[in-house]
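The following pair of complexes shares a single chain, chain A, combined with chain B in the former and chain C in the latter.
Now for the complex of A and B:
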C-alpha cells in the first residue's frame, strides 16, 4: 500500500509539473463543450427552397403561402422556369425545388388529385429525408384545409347514403417528454462528457505509460522489487481520479452554460463513471503494452476511440443503426456509458432501470482489467 | 537530387518499418468509410412503441396494425394507464407511446373527430422528432385512405425526387469529409509528429549540421507522406465506388489536383506545428485540437455549417477543410467542374501560399 502511495505521489508530481496539464483539465472541457455542442447540431433551421409556380392560381398560391409560413423553409426565390431553378441547385444555392404544374388547380377541380414535384439536393441524406417529411406534412395540412373548405370536393355520386358525410378527422397531438422544446443541446452535452472522460482515461494514461517506455525509465522501475499490480495501480489511479474530476468540471460547465437538466442521482452517475473508467483505462494500458512509441499508441487509440464513440450513438441514435451494428455495440463500452449518462441526466433513471447496463459494464471492467494486467510484463521481450 | 532521394528512402524505411502504424493508416479510411456508410445513418429502422389503448376497438387495433406493418414500429408493451408510461420510458423499453382516447371509434364515427396522442421520449431529440413525424404520417395515411375510400376525396400527391443521391445514402454525404480527415491526419499530424520525434531524439540536429540543405531535409521528410496521402485518397475513391456505388461524377484529374492542393496545405500546417512543438505529445495535441477537431466539426463534414451559430460560422470560414469539402462535393457528387469551384480553389491556393511561406520562414536551422 505504501508503495502505491509513493507511486501516486510521483505520478501526480509528474502530471502537475507538466504545464500542459492545467489547460487540459480545465480549458479543453470548456472549449469542447462550447464548440462541439454548438457545432454539432442536427436541428434544421433553414432549408433553402425555390418555388417554381407555373400555375399561379389561387390554389397554388395558397400552397406556396403554407410553405412561407413554415419556419423550416426559407424561400429565397420564386422562379418561373424549372430549368433556372435546377441551375440554382446545381450551383449549390438551393436545397429544395418545389415545382407546381401548370394545371394544378384544374386537376384539383377535375380529377380531385394533383401532383407537386419536390426535388431535393440529397447529398446530405438526413437533411433531405427530414425536409421531405416536412414537405409532406405541410401538403397534408393543406390538403386537409382544402377538404374542410369543400371548394374542390367533387360532388359525390348521389343515392348512396352515408357517403356524403364530413371527412373523419384525427386530432394528433404530440408530446415530447423530458425535453419538450427538443433542445438538441440536452442530447449533446452528455455525449460530449463521454468523449471527454474517454479521452482523458484512454489517451493520457496510455501515452503516459508509453512515454516511460520510449524514454527508458520503465526499465528502471522494472528492475526494482515493485510488484506489477503496484506499478499498474500507481499508473492508473491518478488518471482515474483526473477523469472523474474532469467529469465534474464538464457537468458544472454544462449546467452553468447550457442549463442541462440533471434529473437523476449524481452519485449513481459518478459510480458508473468510475466503472466505465476502469474499462477505458485498461484499454489504454493494453494499447500501451503492445506498442513501442507514442505515435503508434496514439494512432491505435485514436482508431479505437473514433469507432467506439461514433458507434455509441453520440450524434445519431443507436436505434437507427443496422441490427448487426446494434449487436456489435454490446461490446462497445462507450455505448453503455452513453446510454446511461443520458438516461440518468435527462430522464432520471435509477439503479433499477440501469441494472442491465451496470452489470454489463462491471463484467467488462473486470475482464478488460485482467486482460491488460496479464498482458503487461515486467520483463522486456 | 541524390541526397534528396536518399532522404526519401530513409523516411520510407521509417514509415514502412512500423507495421502497426501502417495498418492503422490504411485501416482508418476503410473503417471510417464502413462506419459512416453503414452505421451512422438517420434512417429509422425499428422503433419500440408502447400502446395505451383506452378504447381497444376495431379502429384503434387497425391503426396499431398499420403502424406495425409499416415496418418502422414494433409494439413492445401494452400499458393500461399513464402512470406506467414513466417507467417504460425510464427503463428505455420503448421510445414512443401512442395513446388512444376512450371511445375512439365512437367519436370518430359519430363526431367525425377523435383524439390520439403521440408521446415521445425526447431525451434523444432528433430521434424523437423523426419518429413522431413517421408515426404521424402513418396514422394520417390511415385516416386519409379511409376518407378517400369513402368519397373520392381530393388528394395532393407529392412527387419527391432526390437529386445526386437517390437512395439517400449517408455515405455520399460523408465521403468528402472522410477524405479531408484522412488527408489531414496523414499530412499534418503524422508529418508534424515525425519531425518533432527527430527533434526529440536529436537526430534532427545531426541532419542540420550535415551539408544537406534544409529545403532538401523538409522535402525528403514530406515526400513519403504526400505519396501515402495520395494512396489513401485513391483507396477512398475506389472504396466508395466499389462498395457504395458512389461514382466520381466530375473529372478525376481535377479531383486529384484539388487533393494535391489540400495535401500541400496540410503538410505546411504540419511543418508549422513541428516548429512550435518541442515534444511529440505537444505536437499531437496541437494538431488534434487545432486541425483534427476543426476538420471533424467546423467543416461541414458531419454537421451542416448553416445550422451553426454565427460565430462558429466565421470560424468555419477560416478553416481550409470547409473549402476542400465543398469542392469535393461539387466534383464527386454534383459533377461540376472548375467553373463552379474556382472561388474555393483560389482560397485554398492562397492559403497554401501563405502557409508554405510561413512554414519555411519558421523552420529553424538552429536551436
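Now for the complex of A and C:
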C-alpha cells in the first residue's frame, strides 16, 4: 500500500506538471459536448423540397400550404414539369420532390382517393427516411382537415392506393416517453460523455505506460523490489480518478448548458462508470503491453475505440443493427455503458433494472484486468 | 560476488551471447570491454535480473539469479545504458522516488552518494530532462546507489559523456569501491579498461580474454611499432597488403603494426620509395586496444 501511494504521488506530480492536462480535463469535454451535441443532431430542420403542382386547384394549394407551414421544409421552387424537378435533384439542389397529379382535386371529390408522389434523394438514407416520415405526418394532418371540412361527403383517403374503406376515425396521439419533446440533446449528451470517459480511460493510462517503455524508465522500475500489481495499480488509479472527475465535469456542463435530465441516481451512475473504467483502462494497459511505442499504441487504441463507440449506439440505435452486430456488441464494453448512462439519466433506472448490464460489465472488468496483468507479467519478466 | 557459468542467450536467430563464464570478486571493478553488439548489455541485464538466459547459471551474492530475483533486487543497483529517469520530475523527486521504492530515504544513505549528489544538489528543483549529460549521469548513479546496493551494474555509463566528466566519473567509481561496493561496468572505450581491476574483452557474444589490464597488455608478446607519415590512411592501406606486416591498425594519426622479424629497415625504405614522406617508425608499448585488435583478428 505504501508503495502504491508513492506511485500515486509520482503519477499525479507528473500529470499536473503536464501542461496539456488541464485542457484535457476541462476544455475537451466542453468542446466535445458543444460541438458534437449541437452538430450531430438528427432533427431535420431544412429539408429542401420542390413541389410540382400539375393540378393548381384549391385542394393542391391547400396541401402545399401545409408543407409551407411546416418548419421542417423549405420550399423555394414550384415547378410545372416533373422533369425539371428531377433535374434539380440531380444537381443536388433538392432533397424531396413532391408531385401532385393533374386530377388531384377531381379525384378527391369523385373517388375520395388521390395520390401524390414523393421522390427522395436517398444518398443519405437517414435524411430520406426522416423526410419521408415528416411527409406522412403532414399528409395525415391534411387528410384529417379534409374530413373535418366536410367538403367531401364521402370518405377520403390520400396517399394510399385503394378502395373506399369506411372511415374509421382513429386518432393516434403520440407520446414519447423518457424524452417527451424528442430533444435530441438529451440523447446525445450521455453519448458524448461515454466517448469522453473512454478516451481518458483508454488513452491516457495506456500511453503513459508505453511512454515508460519508450524512455526506458520501466527498466529502472523493474530492478526495484516493486511488485507488478503495485506498479499497475499506480498506473490505473490516477487515470481512474481522472476519468471520473471528467465524467463529473461533463455532467455538470450537460446540466448547465443543455439542461439534460438526471432522473436516476448519480451515485449509481458513478459506481457503474467506475466498473466501466476498469474495463477500458485494462484495454489500454493490454495494448500498452503488446506495443513498443506510443505511436503503435495510439493506432491500436484508436482502432478499438472507434469500433466500440460506433457500435455502441451513440448515433444509431443498436436494435436496428443486423443480428450478428447485436451479438458482437455483447463484447463491446461501450455498448453496456451507453445503455446504462442513458437509462439512468433519461429513464431513472435503478440498480435492479440494470442488473444484467452491471453483471456483464463486472465480469468483463475482472476478465480484462486479469488478462492485462497476466500479459504484462509475461512481457517484462 | 557474481558467478556466471556458460550463459547463452539467443534473440531469434542471432546469438547475443555464447557460453559466457566469468566471476566478479568481492569489492572489484570488473569491466566488460567491447564494441557495440558484443553482448555486454545482455550480460548486464541477466545479472541485473531483467533477462532470463536460455541456458547457463548466473549467481549474484551466492544466490541463483532466476530463482531469487526478488530478494536480489534489493542488493543490486543498476544504471541502464540509456538515461532512464523521469525527465519531468526534478532531481530531488527522482532520487526520493527511487529511495522510497526501496523503502529507504535519501537522508539514510546520504553518506554513500554525498560526493556525487552534492554536485547536483544545488539544481535539485530542475527537471531531470533539462540536465546536461554529465549531470544526468551523476543523477542516474545517485539513484542506482541510494538503496546501498552491494553490487553496482553500470551499462556503458560514460557513453556520450565528455572526456572531463568521464575521468571524473571513474574517480567516483574508485571512491565507491573504497566504500565496499563491487562494480560491474561495461564500456566501448578501450582507454577506460586500464581503470578496471580486471577486464573481459568481448567480441560478437564471446569473451576473448579475461585478465587484469596489465596482464592483458603483457600478453601482447610482440614488438609493436607506430608508423607515421603525411598520408596516414593511404599508408595503412599500403601496409595492409605488404608482406612485411602481420597486424595493421589505424590509431588516430598513427598506424600500429607488428612486423615479421628483421624487416623494419625494409619497411621504411619501401614506404619512402613508394612516395610517402616524413616516414617515422618507433617501437611503442601496446595498450588494451592493441591487444583487443590483435585478438579480434585471431
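Following the convention adopted for this analysis, the second predicted complex is superposed on the first by the 343 of 381 C-alpha atoms of A that agree within 3 Å, B and C clash if a C-alpha of one lies under 4 Å from a C-alpha of the other, contacts with A are read in each partner's own complex, and residues count from 1 in each chain.
Keep in mind that, in the parts below, a residue touches a chain if its C-beta (ideal position, glycine included) is under 8 Å from a C-beta of that chain, and two chains touch if they have at least 3 such contacts.
It should be emphasised that the depicted structure is a prediction, and the values quoted were computed from it without experimental measurement.
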First, second, both or neither for A:149, with chain B first and chain C second: neither
Touched partner set for A:252, first chain B, second chain C, both or neither: neither
First, second, both or neither for A:81, with chain B first and chain C second: neither
Partner touching more residues of chain A, whether chain B or chain C: B
Chain B versus chain C as contact partner of A:225, first or second or both or neither: second
Chain B versus chain C as contact partner of A:3, first or second or both or neither: second
Chain A residues contacted in one complex by chain B, in the other by chain C: none
Residue numbers on chain A that touch chain C, as the complex places them: 3, 6, 10, 13-14, 17-18, 215-226, 381
Residue numbers on chain B that touch chain A, as the complex places them: 18, 20-21, 24-25, 27-28, 31-32, 35-36, 38-47, 87, 89-92, 95, 108-109, 112-130, 132-134, 136-137, 139-140, 143-144, 146-147, 150-166, 168-170, 172-173, 190, 193-194, 197, 280-282, 284-285, 289, 293, 297-298, 302-304, 306-309, 312, 326, 329-330, 333-334, 336, 340
Contact footprint of chain B on chain A as seen in their complex: 20, 24, 28, 31, 35-36, 38-46, 63, 89-92, 108, 112-130, 132-137, 139-140, 142-143, 146-147, 152-154, 156, 163-180, 182-184, 186-187, 207, 211, 290-291, 293-296, 298-300, 302-303, 306-307, 310-311, 315-317, 319-323, 325, 339, 342-343, 346-350, 353
Complex interface listing, chain C residues touching chain A: 48-50, 52, 70, 73-74, 76, 78, 80, 82-89, 93, 97-98, 100-103, 143
